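Shared between the two complexes below is subunit A, which pairs with subunit B and subunit C, respectively.
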Partner chain A sequence: MTDGRLPSRLDGIARKLNGPNTLGNSKAFWLAFAVGMVGMIAYPLVRGSYAAGQTSLFLVYGLLALSLSLIWGYTGILSFGQVAFFGIAGYTYAIVSLNLGGAFGQTVALPVAVGVATLAAFVLGYFMFYGGVKNVYVAILTLVVTLVLETFMAQTAGSEWAIGSVQLGGFNGIPGIRNFALGVEGASFSLSGSGFYWFVLTLLLVAYLGSRILVNSRFGYTLVAIREDAERTTMLGYNVKRVKLAVFTLSGALAGLSGVLYATWGNYMDPSVFTIVFATIPIVWVTLGGRESLLGGIVGTIIIERLRLWFSVNASEFAIVFVGVILMTTVLLVPRGILPGIRDGYVFFSEHGIRKGIERGRGTIQTRIQARLESVGVGGSETETPPSSEAVRE
Partner chain B sequence: MTTGFGAAGMLTPLVIGDVLGALDSVGVPIPQLLQMADNIAFIALAAIGLTIIFGMMGVINLAHGEFIMMGAYITTLSVNVASIPLPVAMLLGALGTAVFGAIVERTIVRRLYGRLLDSMIVTFGLGLILTQGTRIIFGNSLQSIGTPFGNVPGYTYSGYRVLLLFAAIAVLGAVYLVFTRTEFGVQARATIQDPETARAMGVDTDRMYTITFAIGSGLAGLTGALYAPSATIVPGMGQSFLVESFVTVVTGGSSVLLGTALAGGILGTINAIFSNLYGNFIGQIALLITAIIVIRLLPDGLTGLAATIREKIGERQ
Partner chain C sequence: MSTPQGLNVREQPAVAATGSSRDAILSTNGLTKKFGGLTAVDSVDFTVDEGEIRCLIGPNGAGKSTLLELITGQLTPTDGDIYFDGNELTDMEPHRRMDAGISIKFQSPHIYESLSVEQNLRVPLQRTDRDIEAVLARTLDRIALAEKADEPASDLSHGEKQRLEIGMAVTLDPALMLLDEPVAGMSVDETADIAELIRSLHDDGMTFLVVEHDMEFVRKISEQVTVLNQGSVLTQGPIEAIENDEEVRRIYLGENA
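This part shows the complex of A and B:
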């Protein structure tokens, strides 16, 4: 993209979009991306408004996946709490929009809800990162916070649990959230079906491109440095705690935006978003797609959600089993996820040519099988050693 | 309900009743005390299996709740279906879960040593499969086997729940003995401290990891077995142990016994006080806030505090 034929401003943007921290910096990638986008934009025209409305949920979830990619894939902080911010924003949106009523209420409720989720992420992040909480402890604390929120929201069935005119409703949640609308009374437009689809697609595209610019900036390099070695990054003079807090807050905001869209998509909000199963799902998307790639999470989301939809229609009780199996097999067999896997394959074959590539691939597989056989013969794994708990603490 | 605990089991609640009566007469608030004991026992038992696996191997087993559920299921099914006496059924629950844990270590966890977050995710996936698999096979709930012993004489408090405090103490004591006084314990700790040297000294480190993981799983199963008579037996029951057990690991730090005992005591007391005053939810919130405060002040958890105190005493001498 930087061949000088583009106007200089576009050229500058292109330069910012590309970098070592994202997969797909080549012309071929952007071409495929553009074709994919055209397909996505045309989808409602081909499949109709209803299908587009259904599919827009996947895009809403894509924002949630993107938020997890940023915090986990790029900064190395595993957060089970993205659904907490997702849920907090959804609930806030429901409460504010239903209290204010009308299109104006909904327009106001969006920034308020995202703001509340961002604040929640900031407060939790402040206590964790400035409190020296690291590694697995972040994962545990975010999970515990989410589960505690579930306990809280599930017991709000009584009539004393009302904010303004809105009952929190316990397990049943808050029904009657209206489709998203922008504008003021008399001059507003409501979004549903295709309109909502395009709206979400635009937000997702902006969020994706924005995240690309972010991770390829100096800030993004710092994130990756923290992921690779937080202590060394501190030694080099970076304020690791502040950077962690910043990215945690940002990803909380993204998750919050996703939560608002979820609430308007389904027209209700209930505590199931805080359950342990829902907390796992974003991790499954991102693991499958490839966590160190922004697009990976989104692709993983669409694949998994498509399959989950199939399961919920055909064999609903096996849906969760399937999610668990996908999670385990991906981590064990394709630890980096499918998108980085495809990229590696592409690079491999384009470097070696197809015939040579296949030969080399065969060679690699043979050596691997041999190594495996030898290791079985010797009686196990010589190099696999768990770190001592002290090392883990650090 | 036949208890199968024999004469000792019949006697214990009576003895406890006498002791409580004596305490009551000197003005000790018995109901609160019982509640606290119950909470401490619950937290210590919920966490012990998790802390062993984490403290010794550095692996967070997110299927911990499901291991507890498995212990409870094996126990309940043994009693309901095979009419096995309750104590034997509990033993089966612990052993069955330990065997399952050993298989999981051999086939899955082993591949992920050194990839801490990945092992968390995989065990999480395993937990989902176990919960839903149990639901598919056994349905939404099992018939409960009922709580033995009845109430503590003179109080509306289940005698069995009081016994669980003694069970918790016994389990912690047994863990202490196994890891400090046996050949296996020494080898296991050597493996944790310095696997290379341990191997050079002839310790089969792979076996140590498997056994340690199996013990941790077995204790989770035992916890499930112990709570089987007084809990609702549903596939998702493991979740009710999750918050408490993880908070305990975070608060306690990496020392298995000391951390669990201290954190269990402190968190159990706090939980009892806040649950009594403001209900279950505030009790959990109090646990969470305590955990965050403890980590803020003591990055290595209560274990770290204990180590510092020990060092200071050593210096003085």
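This part shows the complex of A and C:
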């Protein structure tokens, strides 16, 4: 699996990063990854600080998508609750940083906010997994928790809803959150524009590589085993509840980090992060990009959010409809998502050659579309199923 | 991750099992399970001796699978106790029972379809401190899947999936192996392979409790048979005696013959 030319220390790291639980392990993948990273790093230099500031939101969301990939793609637990931890962390960050004030306050607020989100994920996860909640009920329960938070935060408009000097503000939320800063008074640096972009990019890169190491470790095997068959995994001596709780808590922490960055990016925090639309969007990102791939979720996020931005500028309220169409088309053509689709295509063409591959691929797509159309009763079906349809008519 | 104590538990009795004195490895005491108004298992007193292959037969709904699920901890009993290797299991979490030295092969194959055959075996092995590569090679050989080690498990035939799952359960070297209808839906040849596998594991000192309908298969592997009917033990004894028992023939074997 390793190409033997790397020095031993690098080889050790490469071995930890690569494995059967991640899609891209080849030299070609890492080369493309490196090129992509160089492009990402250079982006603010080419497009300027303002554009970089706008784009950094997509990277912030990328962390949220990564958290969902871990819990859903790898462990098989569909959670609508990632935005709940995202929002909890964002609100906590706003309340703590504005109460303490200054760069030091912001520096302290970051770990506190992530900690509160992590704790929230732990508590919710504990009651779910140790209470025997499974499968679709986890999705329902996490969605309900998220919507309850929306309802609750939306009614905090009155002046009695204040923590310290910060008004929770109901629908309007908490304004005036400052750009992210690190350090103490007099020796701090504030991050905005390009600086913030690079900061988030670094965090995302670290989180991505860390997640790769995690899913290719023994723990990662356990996650995949639980996704494939939780009962079998218990009956091989694994404490499935504990592992589920651990990964749910970890992904809650990642979502929390994302939420903190979101709050500092937009300089405000409001209950819209707990709405059903925002709770669903991460699932769209991850589905589009490929949920069995960590990078897939991030790529899906950037594609969808870039398009959403474009659509909302050019077609305003129909943005979400277009996103829906894109999602449906993708799921129809590459059911496993874009990145797994590219990987499959790469393997396919390297096996069959370009020309033959294209012919075969065209055939596959045609049959797939035909099958989908037939399944909803459009076209093609008349000629192929005469006995049953005639019988019905008679 | 804790080291499965089952490994240590197992090393010593393997010697004792070959001797003539046999102790109960598993025993239940007044074990009862009610589902609402239905009593699936009705105060069952039942023992499995160390080193034997015990078959559990009975008509559908007799409580065989429920009994297995009570032993693994997937179900908690309404009343009664379960003892395994001198320890009480009744309130123990399922995964801890596996650590204590119990393993199960479910009725329908429960394997990790998207993983390769080898990876399927690595999942249980990675928790242990055994020599993973050695055990892996031996197990693959034993379940006759060495040539398919790198194939995705989803590509295996039904019989191969059953063998793979037995292999996964066996890598933990359990003292007691529970098999829920291991040859259901298998061809004659595949059934013979499974019987061979069970016998060879038994020769190494593994104790078996097998739920099975196929009497021919039972005859091939078993020394002792327990007949369950309507949640209670109807009778138990050597297979010849069971097959000639009037009542058993009437309520169970008669139906199939």
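Going forward, the second predicted complex is superposed on the first by the 344 of 394 C-alpha atoms of A that agree within 3 Å, B and C clash if a C-alpha of one lies under 4 Å from a C-alpha of the other, contacts with A are read in each partner's own complex, and residues count from 1 in each chain.
In the analysis below, contacts are C-beta pairs under 8 Å (C-beta built on N, C-alpha and C of every residue); 3 or more make two chains touch, one makes a residue touch a chain.
It should be emphasised that the depicted structure is a prediction, and the values quoted were computed from it without experimental measurement.
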{"item": "Partner chain(s) touched by A:229 [first = subunit B, second = subunit C, both, neither]", "value": "second"}
{"item": "Partner chain(s) touched by A:48 [first = subunit B, second = subunit C, both, neither]", "value": "neither"}
{"item": "Subunit B versus subunit C as contact partner of A:276, first or second or both or neither", "value": "first"}
{"item": "Partner chain(s) touched by A:327 [first = subunit B, second = subunit C, both, neither]", "value": "first"}
{"item": "Contacts of A:239 with subunit B and subunit C, given as first, second, both or neither", "value": "second"}
{"item": "Subunit C versus subunit B, contacts on subunit A by residue", "value": "B"}
{"item": "Partner chain in contact with A:12 - subunit B first, subunit C second, else both or neither", "value": "neither"}
{"item": "Which of subunit B and subunit C A:39 touches, first, second, both or neither", "value": "neither"}
{"item": "In the complex with subunit B, residue positions of subunit A that touch it", "value": "78, 127-128, 131-133, 135-137, 139-141, 143-145, 147-148, 151-152, 155, 276-277, 280, 283-284, 287, 317-318, 320-321, 323-328, 331-332, 335, 379-381, 384-393"}
{"item": "In the complex, subunit C residues that touch subunit A", "value": "1, 4, 6, 72, 74, 93-95, 98-99, 103-104, 106, 110-116, 119, 122-124, 126-127, 165, 168-169, 172"}
{"item": "Sites on subunit A touched by subunit C in the complex", "value": "20, 218, 221-222, 224-225, 228-229, 231-240"}
{"item": "Residues of subunit B defined as touching subunit A within the complex", "value": "54-60, 108, 110-118, 120-122, 124-129, 131-133, 135-136, 192-193, 195-196, 205-206, 209, 239, 242-243, 246-247, 249-250, 254, 280-281, 284-285, 288, 291-292, 295-296, 299-300"}
